[in-house]
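Labels A, B, C and D are assigned to the chains in the order they are written; within every chain, residues are numbered from 1.
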Amino acid sequence: MGTLLQQIANGLIFGGLIAMVALGYTMVYGIIQLINFAHGEIFMTGAFGGLAVYSWVLPPAAQQIWYVALPAMLVGGAIVSVVVALLMERFAYRPLRNAPRLAPLITALGVSVFLQELVRIFFPGASSAVPFPNAFITAPLHIGSITIPASGLLMLIVSVVLSIVLETYVNGSRMGRAMRATAQDPDTARLMGINPDRVIVLTFAIGAVLAGVGGVLYGTYIHNVDPYIGFQNGLFAFAAAVLGGIGSIRGAVIGAFVIGLIKNLADIYLPGGTAYDYVWIFILLIAVLVFRPQGLFGEAERVRA
Amino acid sequence: MSTPVLQARDVSMVFGGLTALKNVSLNLDEGKIVGLIGPNGAGKTTFFNCLTGLYTPTTGQVLLKGAVLPGDPAEVTAAGVARTFQNIRLFPSMTVLENVLLGRHVRMRQGPLASLFHGPSFRRGEAAARDRARELLAFVGLGKVEDELSRNLPYGDQRRLEIARALATDPAVLLLDEPTAGMNPQETEAARQLIFRIRDLGISVVVIEHDTKFIFTLCDQVSVLVQGELLVEGTPDVVRGDPRVVEAYLGKPPEEVEAELQAVQEGETP
Amino acid sequence: MRNRTVKAAVVVMAGALALAACGTNKTESGGGGSASCDTSKGTLTVGVIAPLTGNLAALGLGIQHSAELAVAEANEKCTVKGYKLNLDAEDDQATPQTGAQAATKLSSDSTVVGVVGTLNSSVAQTVQPILSGKKVPQISPANTNPSLTKGADLNNPKRQFPSYFRVCTTDNYQGPDAADYLVKKAGKKKIAIIQDGKTYGAGLAAAFTDRATKDGAEIVDKEQVGEKDTDFSGVLTKVKAASPDAIYYGGEYPVAGPLSKQAAGLGLNVPLMGGDGIYDPKFIDLGGKEGDLATSVGAPTDQLDSAKDFVKAYSAKGYKDPYAAYGAFSYDAANAIIASLAKTLGDSGTWSDSERDKLITNIGSYSASGATGQVAFDQYGDSTNKVLTVYQVSGKDWKAVQTGPFEG
Amino acid sequence: MKAMARPLIIVGSIVVIIGALLPWATFVLNDGPYPDKATLEFFDAPFGLSSFRLYLEILGLAGLVFCFVPLRDKIRVLKAVGWGALGVALINTLFIIGDGGGFGAVTVADGVTAFGGIAAVIGAAVLLYGAFQLPAEPKVVINPKLPFWAEWLILLVAFVALLLLITETLTAGGHSGVSDPYIGPLFLSYLSAAGALLGVLWAVGVTKWISDMSERHRIFSIVVLVACAVAVPFTSLGNDYWMTITANIGVYAATAIGLNIVVGLAGLLDLGYVAFMGIGAFVAANLSGAVAAEFGIRLPFLLAAIVAGIVAGLFGAIVGSPTLRVRGDYLAIVTLAFGEIFVRVSQNNIGGLTGGSNAIPNIPDLSLFGTGFNDSLTIGGVQLPSGVLYYFLIVVLVALVMFVFGNLKNSRIGRAWIAIREDEDVARAMGVKTGKLKILAFMTGATLAGLAGAVFAHKLATASYDSFQFNQSVTLLAAVILGGMGTIPGAVLGAALLFVLPEELRQFSDYRLLFFGLALVVIMRFRPQGLIADRHRRAELADQDVTGESLDDTVIKEPVAVAGAKEAGA
């Protein structure tokens, strides 16, 4: 029983991480129907941005005080992510807005490889894993029979809070309405006086903020980062977004938690154990795509569009 | 009276609580042209989609020569119902000839192995298909542009190519979705003549059109759809004189009809 | 005007020919320490095949530079009479087919006397037959898969390729040695095994498991982590449920460090032990905790003058990348090739393809003290160096806690 | 500005010529441990013209000559010359700066001056700028009436010249497995010069003329091409090293053509395609009698390859079956997930079939009449390099795959695939059974990949899961897209570039993936239809006038692929 609870806790934490990345996928897809494969790399650059702030911006005294260091790193990571995402949008994706579908997807793959290599070659020490400072309370928390690292709990909380904020924003604010309108029909939205370019830029920026924050929190939780963390976590996040119904914010978050739970529960309950947990996630993904292509929470019409 | 070639019996279509069609029936006799008119949103295209197997009617049946049509567009085409589209939908980067050859697809029999080895029978079949396609292109008047990419054709030619492509499937019934939309009077007249010639080949035709004048001078029978229901049905003279039609459809100021036409063209894609 | 184009084409073609024919061959202005040696007979090349790009590049570049160091020293000391030595490092991108291309490239160069490499056992599998076909000796600093030398059936060993040697030990020594230490000396009776599913890790874990069971320990859990995984909480929770008193990890430090740290985060405070793949300062940077253990081949560096010299010489050269886990092995491997070459050629020999057999024989009988201890090869081409050291994390460093030859 | 065109071209050409004569580096750039292999000369001797300085000299002279000679379409001719010169000048200048450690290397240092590089770059830029000021002219078309034997002769000469050009380009720097530290710039210089030559030929209409002729004499062209492919081992590429490289290119080209059926024809994005190659490789390995194989049987290779193809094809059908319900991007994700599952499962040695992390090593060499495929071969007194039989086997494989692709494309089924790609709904409305055909596309592609995988396993003597990872799928996809979707030469060219360039540019290997990523982005931005566009697709994808392109003229873009991508096709 203790193990089960512990695995559920682990799954939720991992799900929280994936959710922050998945939101970026789902929002970008919702607006311009682009699978932004490079979004995982935005997450990765966010983590390295946070690391850079810690190593080169913060004075040694501040490094020791987590409530100074962590916010600074989060802001730094988010800024780096946003800058990278906007450059990417401006120079790689925008020129292809009206190109055949395959073109932006290939571009996304190209951007992904490019960013990985850029960090690997030019970030000092990044040719292999780089230690990430523990910029939060180090002592693990004991809740009943389970033990979780404080940084894990923080990640979970931040992720849930940000998702709620985002959902409220998209549903409530003027810009949120513009986003939804653009997602439905960009041409009509333009007629209504919405500037689709601005909406798209904003979408990328919001996704990048979430990914950047996620990257820094990931670093504090896992304790090291390397240029390739974006790929696999990005893949999981993408799976989560699809699972929940791509384009749906709530769906992406729930999908992320489902994936986190499945990965951890497969370790105990499914055949093959830890060697096959990854396989189960993808089998689930395929099954969802085949039997419920709109995802768990997506709207059926989305798929046909 | 012989059995109609195409018969729709009490077709209803409901989309999640919204009734798009309600008990619509239609009889198409061999070698006849039937027109389908009605204001914007009357369900004409929905009805077309039911006739071609794109939608399966919620209730009711569509019969071709007395047999119920299958529920898959590909099989409907194979059974002998071909169509064109309201917004022209050619294969833009295929040549004119290839577009028509694609229409022959359903009448060709070469399987994967024959396609792989290009044996003598494959070549015979391919040559026959090409001959037939050229014949049809000549029939619609596109004999000289077979190697153009279809996207490069002028608008009117694209409409005609679409008809040739549909004819290539050797249909018993041809469904034309607004074949003259956006055409000038000369082109419209040419289209009318083309449709007559198609009829003369023994193919029955159903036409959706906004241009009532065109319909009344073309069709043997006209059905008027309003809000998903069949309002009137009969010969052009009967329909033209029916006051309900005038009220529901023709009575509107022309500008409004025009605006609707626009909206229909942009929105109501199958 | 077409005439002109044709003429231009002809001239360009001629240019290509001229290009092939001429070259200025100016001598190098700086860096060549060979000035004092007689290099009248030309140049011979030592090849390196390792991943120089991609995520294993850190290890591969360490291998390359360490071999470079050995070559540079040989040139300074005029080890090979009459020849200057070069190093030709080829990237295998850690993939078998690129490795095969690199091997073909080196083996078709008649000046290549031997090859140091590869890092990955899977790449070695494609490289072995190619180099062997051209009788180019290959000494690997890092392949640990026993089947590379002894064939798939270890109970009935048969040498696979006469030209293949390695200076590192196979899983067959390190795994059991670690098991002996952990079970007998440290008294850990309930052990959980985690491995990464790659050749090195899986092999090591299997060898460990066998011996530990024999020594009377109970293997309470066996798990696998993915190469690219970073969150190990699922695996560790499962391990924790089995309440082991030690974890043995088959794999390399980029996973092992975080694994150890995350275990502690989940309240699983037991030592983690691994092989030479985790014996790296970076393991501690990445989260290796106090009390974690690793085995490594050879006596501790600070007890061995040759090792200290290697470290000093390496840092003196100012290479951009650290020598990493396999640098010392690579250095020994290159030296084995160079010394055997010197022996083969003697004072006045001339290199030709007919010398290759003799070179391979000489490598087989080579014996010297290297940066990793005594370097020599047995009848299968495996290293006879069975001195293994167990290290433990103490403070921020690895400290040797046991060293000695492994006895079966 | 138009009036300035001619003076600018003249000045530019002269400066290029002078640049070629000036010294280029302030130090002797015979680097590191390679003195006797170094062939890139950066001399003090002013008239020591060879290698890239010779190309520059020729290009400069060509600029001058073409400026005065009456020419049709002068603008395109001079642009080709200008791009070529700029390419050669930039590559070498940047290399000296990079390798020599700064601008001192190409200006003044230690009392030595060397302005050759800078002069050449400026000259080439001026020449190019001048060329752009020339008035635009319609594309030259030459179409002389010739008897068929004369056309055959011209084709023969053209193909042989192309073969020689390719072999010379590849072996520029004279290496046959011998490492040269300057191989990268030498290769790129040669490529630029060869590109300029082809560019000029294209501008004067020669390439179009030849490609039209080859269309007219299709069978003859195919025969000559096959003969050229068979002749490769007899050229300067006839050594072990290039046999291995060309064989690898062939395997990937065959796989890429298979992928081209799925992506290029049917328009279904497959991100896990390499898994089918993996399945083929593992099946063949298991049936090869290798010691580590699960089954202790050895089937004849042909049979094993067929079984491998069939098994891969079955998996293709299974993976393709979600296409019945899933479309577009979602399908791409299904295939991606399948690829990832394949890697994980084969790494875990499922059922003992894949050897797991140990792979299946030592797959026995194939043999024909007692000659091992890895042995060297002597034909008529000519000693052919080892591995030549594999090369021939792979030529057969590629020919087979081309045959399948070409025949299917030009058939009822191929047309239906293209129709599905263009507009699936309409295809269905026209009677195309889209579901069946999409699965057939997957099956065909997978079968071809399986066949290629079987050859691959034998050639490599190992089947290991890490040969079949996601990045390989991406590379294959990039090969298809880079070369041009839906065309055979495109897939071959793409595969060749993606495997030759890293080999030739090994010294820049640390930046290999960086450039790979960047190249994908740039190509999608400026030439999404690929280097060799499908006759159909280029009209659809290109926003520029690219009529009359052929295989030849696309090669031109290579030297300026990054710098001049925008220019390409203009």
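Assume a contact is a pair of C-beta atoms (placed from the backbone, for glycine too) under 8 Å apart; a residue touches a chain by one contact, two chains touch by 3 or more.
Predicted model only: the values in this text are computed from it and were never measured.
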{"item": "Chain D and chain A - chains in contact with each", "value": "C"}
{"item": "Most contacted chain pair (by C-beta pair count)", "value": "C-D"}
{"item": "Length of the line joining the C-alpha centres of chain C and chain D, rounded to whole Å", "value": "34"}
{"item": "Inter-centroid spacing, chain C versus chain A (mean Cα positions, whole Å)", "value": "37"}
{"item": "Averaged-CA centre spacing for the pair chain D and chain B, given as whole angstrom", "value": "47"}
{"item": "Chain B, residues touching no fewer than two other chains", "value": "none"}
{"item": "Chain A residues counted as touching two or more neighbouring chains", "value": "275, 278"}
{"item": "Residue numbers of chain C (touch at least two other chains)", "value": "57, 197, 224, 226"}
{"item": "Category of the chain touch graph - line, ring, star, complete, other", "value": "other"}
{"item": "Which pairs of chains touch, using the document's own definition", "value": "A-C, A-D, B-D, C-D"}
{"item": "Chain D contact footprint on chain C (complex, rising order)", "value": "1-2, 4-5, 8-9, 11-13, 15-16, 18-20, 22-29, 31-32, 42-43, 45, 52-54, 57, 71, 84-88, 90-91, 94-97, 100-101, 104-109, 111, 120-122, 125-126, 129, 133, 145, 147, 151-153, 160, 197-199, 201-203, 224, 226"}
{"item": "Interfacial residue positions of chain C with respect to chain A in the complex", "value": "55, 57-58, 61, 197, 223-226, 228-231, 233-235, 237-238, 240-241, 254, 257-258, 261-262, 264-267, 282, 285-287, 321"}
{"item": "Contact set on chain A toward chain D in their complex", "value": "33, 35, 92, 95-96, 99-107, 109-118, 121, 235, 238-239, 242, 272, 275-276, 278-279, 282-283, 285-286, 289-291, 293, 303"}
{"item": "Residue ranges of chain D in contact with chain C within the complex", "value": "27-28, 30-39, 41, 43, 48, 50-51, 54-55, 58, 62, 65-66, 69-71, 161, 164, 168, 171-174, 176-179, 186, 190, 193-194, 197, 200-201, 204, 206, 239-241, 243-245, 248, 291-292, 344, 347-348, 356-359, 361-362, 374, 385-387, 456, 460-462, 464, 466-467, 503, 506, 509-510, 512-513"}
{"item": "For the chain B and chain D complex, residues of the former touching the latter", "value": "52, 54, 72-74, 77-78, 82-83, 85, 89-95, 98, 101-106, 108, 110, 112, 114-118, 122, 126, 129, 149, 151-152, 165-166, 169, 270"}
